[in-house]
Amino acid sequence: MDRKELSVWVEKYRRGHISRRGFLTVTGIGATMLGMGIRPSRALSQELSGTVTLATWPSYQNQANLDSFTEKTGVSVNMAIFGSNEEMMAKMQAGESGFDIIAPSQYAIPLYASGQFIEPLDLSLLPNYDAAAVEPRFVEQGTFDGKTYAVQKNWGTSGFIINTTMVTTPFTSVKDYFDGIRGPYSGYGVALDHPLDTVGFALKYHGYSFNSVDEAELKKAEELLLETKPHLYAVTTDFQPMMSSGDASIAMGWSFNAMQLHRDMPEIQYVIAKEGGEIWCDFYVITRNGPNRAAAYALVNHLLDPANNVLEFEAHGSAISDTRVLALLPPEVQTDPILYPAKELLDPLEFGIAEAMSNPLRNEIMARFKSA
Amino acid sequence: MRAFSLFIFLFLYLPVAVIVVFSFNAAPNMSAFTGLSLRWYAKAFSNPLAIAALTNSIVIALCSAVVSTAIGSAVAIGLMGTSRTTRIVVQSLMMLGLAVPGIVIGLASLVFFSAAFSGAEQAVAMLAGWEQAAKLFSFGRPTVIAAHSLFCTALVVEVISLRLRQLNPSWLEASNDLYAGRGETLWRVVVPFIVPAMVAGGLLSFVLSFDEFIIAFFVSGTKPTLPVYMFASVKRGATPELNAIATSMLTISILVSVVAFSFLRRGQARA
Amino acid sequence: MRLAPEAEGGGANAPDDRTKGQRMNDGGGTFRGVTKKFGSFTAVNDLSFEIEAGSFVSIVGPSGCGKTTTLRLIAGFEFPTVGSVFIGGSPVERMEAYERPINMVFQSYALFPHLDVFDNIAYGLRSRRNRRPAAEVKARVNEIIGKMQLSGKEHNRVWELSGGQQQRVALARAIVNNPKILILDEPMAALDKKLRRDVQFELQSLQRELGITFIMVTHDQHEALSLSDRIIVMNRGRIEQIGSPDELYNRPASRFVASFIGDFNLLELEKPAAGGTVDVAGRVLAVPQERAGEGATIAVGFRPDALKLSAAAPGAGGEAWRATITNVIYLGDKVEIKLDCPSSGTLLARADVARLAERRFRVGDTVHLTVEDSDFHHFTK
Amino acid sequence: MLQPRMARLLLLPGYALLALTLIGPLITTLVISLGRRAPSGGYETALSIENFASVLSRSTAFLNTVQLSAFGAAICILAAIPVAFFIAKHLKGSVRYTVLFLVVLPFFTSFVARTYAWYFALGGRGLPAVLEWIGLGRFRFLNTDFAVAIGIIYAYLPIAILMLFVAFDRIGDDLLEASNDLGRGKVETFFSVVIPLAMPGLISTYSLLFILLSGEYLIPMLLGGGKVYFIGNAIVDLFLQSRNWPLGSAVAISLMSMMIVVAFLSQIFQRMANRDGRIG
């Protein structure tokens, strides 16, 4: 590493773009330590031991798989539960470095990758991963700068969840959502406490891209949101009880929410707006500076085993695209309209992107919307 | 007044009742009570995450209570013997420790500890050439205990200072007069006098630390406390499992408190 | 008694390591040029006095006169700004309260609320510097509990006791340590009058029995007069006079002492004495021999019992020694009469009821006043 | 009475704790508040007070917080006074401590769980269903100021009761009896003797509650459903959602400044009340 390159890294570290351990490793301070007889902690060892820490979402992993992993390798699994990608990223940016594996959504991956929080995966350590078995559009979301940083876990969509006994007018679009809430369903609508989706759908209402960062377009989206706010019942991600109790009748939400609500109350339906919306995909990534890298690879590999992945599906209930897993699942799963919607419904959907997640204006609009 | 007190107690216990009742609910969610079942207890107790979080919280709350009661008592007593300026400065800082919103102290602590750890580790690695130096410090129980001890200590100082204000200065002089030096007087008069306040402060600290969410969320590292775990679970739809955990907590707490209470009583009778 | 190591060679002498014979000699106290300032306020100014071992001494004076500060200087709660304090011949002014062979009965009793009666009394005997074996503590505390008539109250909480009982506990807690000096800070302040009389007798007997030096602060001059061997009268941080009750009453050294101890009719002079005589409202008095060297007499006065009333003019003094009766108060065997005198202002007369029997004075009567020359006190300060 | 040297020694651990957990982090916050949001969120070194100017963009949240905190703290005190007085003056011996313990007991279940229980109690299938069944009409409580007020009163009432218990306990029974004796009934005595004497305690309780409430985050989040938005929520969102740490820090510092002012005023009022309440 030459002087100029070093100064770039120093600057990045100073600005908080990379973590301190990333900084140590990259700048060669790690190498200096090595020269002094200090073995970097992240050096791979063949023997697996200790604890591996997985940062993931609530109700998102199957305990049975973790138990079997511990049984097989002797490595105990610790889980840290997060509520959102933004939270997880904030914590990483603040210097938390105890996670070995994290489970971010596609739009966070470029940020983790460019921030040196994660590194390209050594796929040779993940024999259970078969890129060919996964839909290419999802594989692509796990790459950054042409390198694979992430392997797919599961995917889903964002749309609208309606209680058909309360919402009697036809409901097929983003327009129906915003106009309905500002009209006949005033006081019964829920927006997600999630900037990407909420701002994204407001953009969609005006026909713009879900991921737009255009100032003028965002301004119109903000106007819509601020107009809608007084008519909303809540801005939250925890809307399921409101829907099942009848306090709310229309909610912006994710496909797995819809699955759970629909299973208990068939009158609750899921609508993917005809204008489009978001398609999302969650991944496994291995952190650059995690304390137990070898075990991290072993655990991800264990979870990707198709048989184990079936168990995972049972736990999180989100769609999986790995064809080897699909082959093991009952056929009705693949035809479930919420889990695997028709292609023409999926086509207009967009993947949320990193620029949209990190855009200051979008975030500020969300904040203003919430505090209004 | 009695009736009103009763009403307040009802109010305080209503949510607790909801939690307890729904923890025995057979239904898969909290929308209705469909029958008695222990399934959520089975689920909770077979959930290593919940158990780990619960253990973590208990250990942290205990340590925070002990640390803050010790430091808080020392500070409250020490404040009696310092200059007015020192007293005002320390009291204001303690007040600040209570007032700073958890979110601020949580995130600031994370960034601050992270920087401090990294500096210390580099120093150790460079100076001592110790290869494990890079893993010397990490977030976990000690960081949560430290951060919780701040507001717990502030509270203990407040509670004990209130008690010390009732301390008759003649008692100290009487003790001195009866051949007890300052240290001995502290131990034989002041400390026994503030014991009730220490117990109250300690209990309050335990309770506050046990329930504290936002600071723990930031500085608990990879080992979440129970509130952090519960909060994360709630964010994607709570299950009655949480009620089962909360009810178990309540049961344990009652048992522990009853035992502690009876010990305290016995101690009182002997004294 | 544990003194400073250098004072008694570092021996672990306990308060009771003395024979009764010694007790009389080593319990004295001496103040030498003691001044105590709090900031710019001088509480006690250049105090020098001696207290004889085994005596009962009272310090009296109005509030703020420095008597409590003096007490605290003896006890060791305050340290002199200037000057020395000796107890039993050893300098103690730098010693802490817990190092001094002195115990105190606090005005509010300062009983420890967290301890019962027994533990309160045993407190000193269990102190690290003065620790006695458990058996001895028990024996001595029980003995004193018996002596102070507190039997059966050993394990009562102190706040459950009556005021009198609390005072006994406070007293027991102090004397159980056999101090050289017992200090009593307004010991009767919280007691009712009847109880106060009893306690006064008890205190007096106790002091005689124990032979310990008692130093009592009180604002009640009657209490001081009836209990003390000697009384120290203080005013504005200084000593006005030290003496026996008799000396203070009959030979007050200053106008202040005269007015403070007992009732007194004070007449300020417009013109200081000249040529060995003073003019008091027309009466010419010779300044007594013993006062002549002290400077000019500025005031004279007499005790109320020296004032005699008669309906007819006795001759000397003329109109100036006539007065109108404003109040008549019967005090059982005595009667007090308040008079308004045109030249001297308000005067007080006191006489035996028996002597007045032949003539009843009524409010509004005009009377003639007589005072013997020898009954006049002359004051130069 | 305490030797200065010993006092200093006793304060030492307190200093260490303050330095480690308060001063250090606060200086960090201050530094961050002067910085800039990094392009992908977080913090980037800079030196500007721009963030403090942007604090105004959160004025609605500030207003919301102040209103509900002032109201919530007042209701807490009003509800706590009879209970605390009852425990302090009408219960004796071990009963009063048992009752005090019962006040704290709900604390032993998780705060998150308890607040979540209110979420259900106030939700459509809870209280509103009961009211509808009685025939009082259809109510919706969740995500309103009312729900948040219930939540914060519920959460902070035990603290208020404990603190006021201490304040009332300090007032001697003899004073109450003296007042009764002087011809004042129970109610009159309460307002003319108890309240003035407990005033410093009332003021400190109120200000502590106000301060704690205005830093609240969880209750408005769970019971306000994004409709009732506290400054604490704004800060959490700035840190965890928009990841605009510098603005978050600036808002946090502004909130703290407000709290410091409240604490300062409380001290002044307490001193004044102390002076008024002093006897003799």
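Points worth noting:
Going by the order they are written in, the chains are A, B, C and D; count residues from 1 in each one.
Just so it is clear, a residue touches a chain if its C-beta (ideal position, glycine included) is under 8 Å from a C-beta of that chain, and two chains touch if they have at least 3 such contacts.
Which protein is which chain? UniProt says A = PotD/PotF family extracellular solute-binding protein; B, D = ABC transporter permease.
Note that the coordinates shown come from a computational prediction; the quantities given were computed from them, not determined experimentally.
One inter-chain figure worth recording: subunit C and subunit D are separated by 55 Å, centre to centre, where each centre is the mean of the chain's CA atoms.
One finds 88 Å separating the Cα centroids of subunit A and subunit C.
Between the CA-based centres of subunit B and subunit D the separation comes to 17 Å, rounded to the whole angstrom. Within subunit A, contacts with two or more other chains are made by residues 84, 94, 238, 241, 245. In subunit D, the residues that touch at least two other chains are 43, 120, 125, 222, 239. Taken pairwise by the contact criterion, the protein chains fit none of the simple patterns, being neither a path, a ring, a star nor fully connected. Every pair of chains that touch is listed here: A-B, A-D, B-C, B-D.
Contacts from subunit B toward subunit C in the complex involve residues 168, 170-171, 173-181, 184, 188-189, 192-193, 195, 271. Here subunit A touches subunit B in the complex through residues 20-21, 24, 29, 33, 36-41, 53, 55, 57-59, 63, 78-84, 91, 94-99, 237-238, 240-241, 244-245, 257, 260, 264, 291, going by the rule given at the top. Residues of subunit B that touch subunit D in their complex: 1-2, 4-5, 8-9, 11-16, 18-19, 22, 30-32, 70-72, 74-75, 77-82, 86, 90, 92-105, 107-109, 111-112, 115-116, 146-147, 149-150, 153, 157, 159, 162, 166, 169, 172-173, 176, 182-183, 185-186, 200, 203-204, 207, 210-211, 213-214, 226-227, 230-231, 234, 238, 242-243, 245-247, 249-250, 253-254, 257, 261, 265.
Here subunit D touches subunit A in the complex through residues 37-45, 57-58, 60-61, 119-120, 123-125, 140, 142-143, 222, 225-227, 229, 233-234, 237-244, going by the rule given at the top. Note for the complex: subunit A touches subunit D at residues 14-17, 84, 86-87, 89-90, 93-94, 111, 114-115, 187, 191, 193, 195, 232-236, 238, 241-242, 245-247, 354, 358, 360, 363-364, 366-368, 370-372.
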